[in-house]
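Each structure below appears as structure tokens.
Two complexes, one shared chain (chain A), two partners (chain B, chain C).
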Partner chain A sequence: MSEAKLAITTHNLSCRYGEFTALHPLNLDIPKGEIFGFLGHNGAGKTTTIRLLTTLLEPSSGEAIVAGCDARRNVVQLRRQIGYLPENVRLYDALSTRENLRFFASLSQIDDARERVEEVMDFLQIRDLADRRLGTFSKGMRQRVGLAQAIVHRPSILFLDEPTSGLDPMGVRMLREVIERLNADGMTIFMNTHLLSEVARSCSSIGVLSHGQLVFHDRIEAVSARYGDEAALEELYLSVVPGREDAA
Partner chain B sequence: MPRIPSAIVTIALKDARVALRDRFLLVATLALGTAALISLIAGTIAMRTDVATYALAKEQLLALGKELSSIAAPEFYPLKLMRGTIEQIEIMGAVIALIAGYRAAVEERGRQTLALILTRPLNNWQFLAAKIIGGAGLVGVVLVVVFSTSALVLMIGSGAGLGIEDLLRLALAWAGSVLYLTGIFVVGFALSLWLKAPASGLLYAFALWLVVVLVAPQVGDTLDPDNQVVGGVFAQLAVPKAEQDRIKAGFAGYETVRNGIEISSVTKHYERLTFAVLGIKDTYTGKTLGVIWADKRGDALFLLLFTLGLGGLVLLRPIQPNRLTKEN
Partner chain C sequence: MKPSILIERHALAGLLRERTIALIAGLFALLVLASAYLGWSATITVDGIYASAVAWFEQNGQVAPPNPVTQGSPLALLRNLTIYISLVGAFSAIVIGHRMVEADRRAGVLPLIGTRPLDRLDYARGKIAALAEGIAGLIGLAAIVGVLTFLILPSIHVRANEWVRLATFFGLGWFYMMTFGLIAIGSSARAQSETAGLLMPAVLWLTLTFVVPALTGNILPTAAINPVSALAPAPQTAIFDWSAALLGPISLAEAYKYLGAELLGYLPAGLPPRGTVPPLVVLILTGAAAFAFALSSCLKLDMTKGGPDA
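This part shows the complex of A and B:
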């Protein structure tokens, strides 16, 4: 696939902390417009991968091209193109929803920051929370504001790290719908998760990371064709991820 | 290219807004202001009585048809009453600045907002610069409140009033205080950002505070024989100047160590500078600013280098990826 059609591409991207290898050389191509589900057990290296792709971490070796920008050399340009929602984001309790969003919009240097904040609040149906400070918000409300800050600057790629963590079923459904709407508008979504059901419902392609190594990467249809539908992902996951004993 | 001032100003303004709504900072600032005012008001009451006594004596003299020159006209130095305020800033202000620095780091790490900010189109040093500027702004505003209230109390309460030069001296003392507390803020911020657990950063910062703000100046003061007797040992014993010099020469090594301990503390430099500028130390009471500057520019330079040096160190040190959150 030509580079112009790729949202994310990595060549032998790796990350080591001293003797420990958090991510073994990773080669990954994600086309534009995908919803990519990144599966893996806790500590598999999913968050490390997102941090490498969002320029929060510098790779030990290899390269990553995100939205056409080199993650080492074009850091600031790359950051204009991405949105990021970390796991358990809390934002500023002392500021209202609108103030939080205006802060991140200003920081993203968009020209129509004020109008765009109102637009995003409408899109995520959080206008009723606009003037309330975040201190009293539930996890679900915070997650919506968190998502709003991640898209307020119209990024072309959105990185979500365990976005459904701690959400109730309503919150999970709302998030899924928003992700699908954003994707329908052309946004590429890179989503870390360990919920197989979410991947099965939302993603167009998946990757499975185990102990820092990519052990599977394919389109979701290929998985369904190979393993059937309902329990397909679970079966796939268990077949490619070694158990604790194997890993040891 | 990123718009440098825009990102820095955006973060600094956000910090100011958050700080204004921070109950801890509000209560701490009020406590500092109250403590400073109590000592100031007590001093102004005493001075007001002295001024009134002099005015009464003057009136009586004039009523008796005598010359004013028959009583010595006293000189009133209201700025000397700022001693308590400066000492509160030295100790209590430093604690507040340390905690404010800690909170500036831990808030961003604990809320995951540090990661959000660093995925925006700005360089990491801009974030650090914004935090330092925001801290300096916060310190500056708090001190403006403290100094202007003090000036008001002195003007109204002392009965002696304040001249333009007095206000200039207050402005200089304010500037020195901003430098001092900003440096302390940076220590709290840097340690809480650099160390794995921000709480450890705060503990280390308090340990430093204990040594730099409390112990070193006190040790230096306690070892000074002149501080053990009111008016000084030599003055009380009426030792002639030549004899004083001969005795001091015998203790040159001791004095070098004592002074070394004192000047290792930024607090002592701050105190020496502000005490001189405000005429709190008797040696400098009534001296012109030019004379004081010639004598105290070393202390001013130390303060400046302390704050700028620490700020520069923070800007030069990259943010470690495993310090983005509080949990790591």
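This part shows the complex of A and C:
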């Protein structure tokens, strides 16, 4: 596939912390407009991968091209193109939703920061939270505000790290709908998750990471054709992810 | 708006909201007022005694000597400020510097800032500029109190060159406090925990304010809290000659007090500075090193960490 059609491409991208290899050389191509589900056990290297792709970490070797920008050489340009929602997102508790969003929108250097903040609050139905300080918010409310800061600057790629973690079923459903609407508008979504059900429902392609290595990568249709339903997806996951003893 | 200016404004607004900072600024303001009151009280007392003495001399047909208040520099009235700036001022700067980065880390927003289209240099510039303005605010408060004190006292007449010296004194105080604030920024940016980030500059401040001056020869127990005993000559022994030569170049508090005394006009005649390096050079070199430390630490700041458990 030509690079112009790819949202994310990595060549031997790796990350080491001293002797420990968090991510073995990773080669991954994600076309534009995908909802990519990145599966893996705790400590598999999913968050490290997101941190590398969002320029929060420098790779030990290899390269990553995100939205056409090199993650080492065009860092600032790359950051204009991406939105990021970390697991357990936190914002300034002493500020209101609107103040938080205006700050992050301004940092993203968009011209219409104030108008855009209002637009995003409407889109995510959080206008009723606009003037409330975040210190009193529940996990679900924070997640929505966190998602708002991630999309306020109209990124072309959205990185979500375990976005449904700790959410109630209503929160999960709301998030899924938002992700689908954003994707329908052309946004590429890169989502780390534990939940096979979320992958089965929302994602157009999946990758499975185990102990820092990509052990599976395919389109969801191909997976469905071969494995049928969600239970079979679980079977696939368990078959490609070796136990800790096997990996050692 | 430039990202560095956004970071700067945001950091300043955050400082103004913090109770700890308000408490420290209040304490600093209180001590500045105390310093001004002590100077004012001493001047009024000496003036009163002098007026009685003049009456006594006149009754006995003798010529009264000149008023001691008008003999020395009127700026010496604020000499206690030198001590308060080196004690509470420097410590306030440490707390402000520490909060600069720590507030973002504690809030858990570093990963969100780290993925915005701004350079780490913009972040560092914004934080250092906010620190400079925060400290300027504290020093500005001290300057206003100082100037008002001179304007209120009837027997004090400050000449044009003395106003310049006073302004330079406050500039020196700002620079001294900035040095500690920059060290605190650098330390909190590098430290793995909030406690370690505050402890390192606090220990350094304690060492430079209380320990090093005693080792270079100022063995008076009140040296750290009294502007006059801070300028005692070192004992003439080989040990203190050596220790002053070795530690003089890093004895930041002594360098500041020496220059402060010179600017306010109460430096004892003929008192040499500690060590062989001129105090101004000591301050400038340390300030430059602190700036480099803060800048490099912010450029290497780990933006992946955040939240109260980080």
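Criterion: the second predicted complex is superposed on the first by the 247 of 248 C-alpha atoms of A that agree within 3 Å, B and C clash if a C-alpha of one lies under 4 Å from a C-alpha of the other, contacts with A are read in each partner's own complex, and residues count from 1 in each chain.
One rule holds in what follows: contacts are C-beta pairs under 8 Å (C-beta built on N, C-alpha and C of every residue); 3 or more make two chains touch, one makes a residue touch a chain.
Note that the coordinates shown come from a computational prediction; the quantities given were computed from them, not determined experimentally.
Chemist: In the superposed model on chain A, is it clash or fit for chain B and chain C?
Modeler: clash
Chemist: Does the superposition put A:Glu58 against chain B (first), chain C (second), both, or neither?
Modeler: first
Chemist: Touch check for A:Phe103: first (chain B), second (chain C), both, or neither?
Modeler: both
Chemist: Under the stated touch criterion, which partner chain does A:Pro86 make contact with: chain B (first), chain C (second), both, or neither?
Modeler: both
Chemist: Determine, under the contact definition given at the top, whether A:Met141 touches first (chain B), second (chain C), both, or neither.
Modeler: neither
Chemist: Does any part of chain A touch chain B in one structure and chain C in the other, and if so which residues?
Modeler: 51, 54-57, 75-77, 79-80, 82, 84, 86, 88-94, 103-104, 106-109, 149.
Chemist: Inside the complex, what are the residues of chain A that reach chain C?
Modeler: 51, 54-57, 75-77, 79-80, 82-84, 86, 88-94, 103-104, 106-109, 149
Chemist: Would you tell me which residues of chain B are touching chain A in their complex?
Modeler: 1-3, 6-7, 10-11, 14, 17-18, 21-22, 107, 110-113, 115-123, 321-322, 324-325
Chemist: Of all residues in chain A, which touch chain B in the complex?
Modeler: Residue list for chain A touching chain B: 17, 51, 54-58, 75-77, 79-80, 82, 84, 86-95, 99, 103-104, 106-109, 149.
Chemist: Could you please specify the touching residues of chain C with respect to chain A in the complex?
Modeler: Touch residues, chain C against chain A: 1, 3, 6-7, 10, 14, 17, 107-109, 111-119, 303-304, 306-307.
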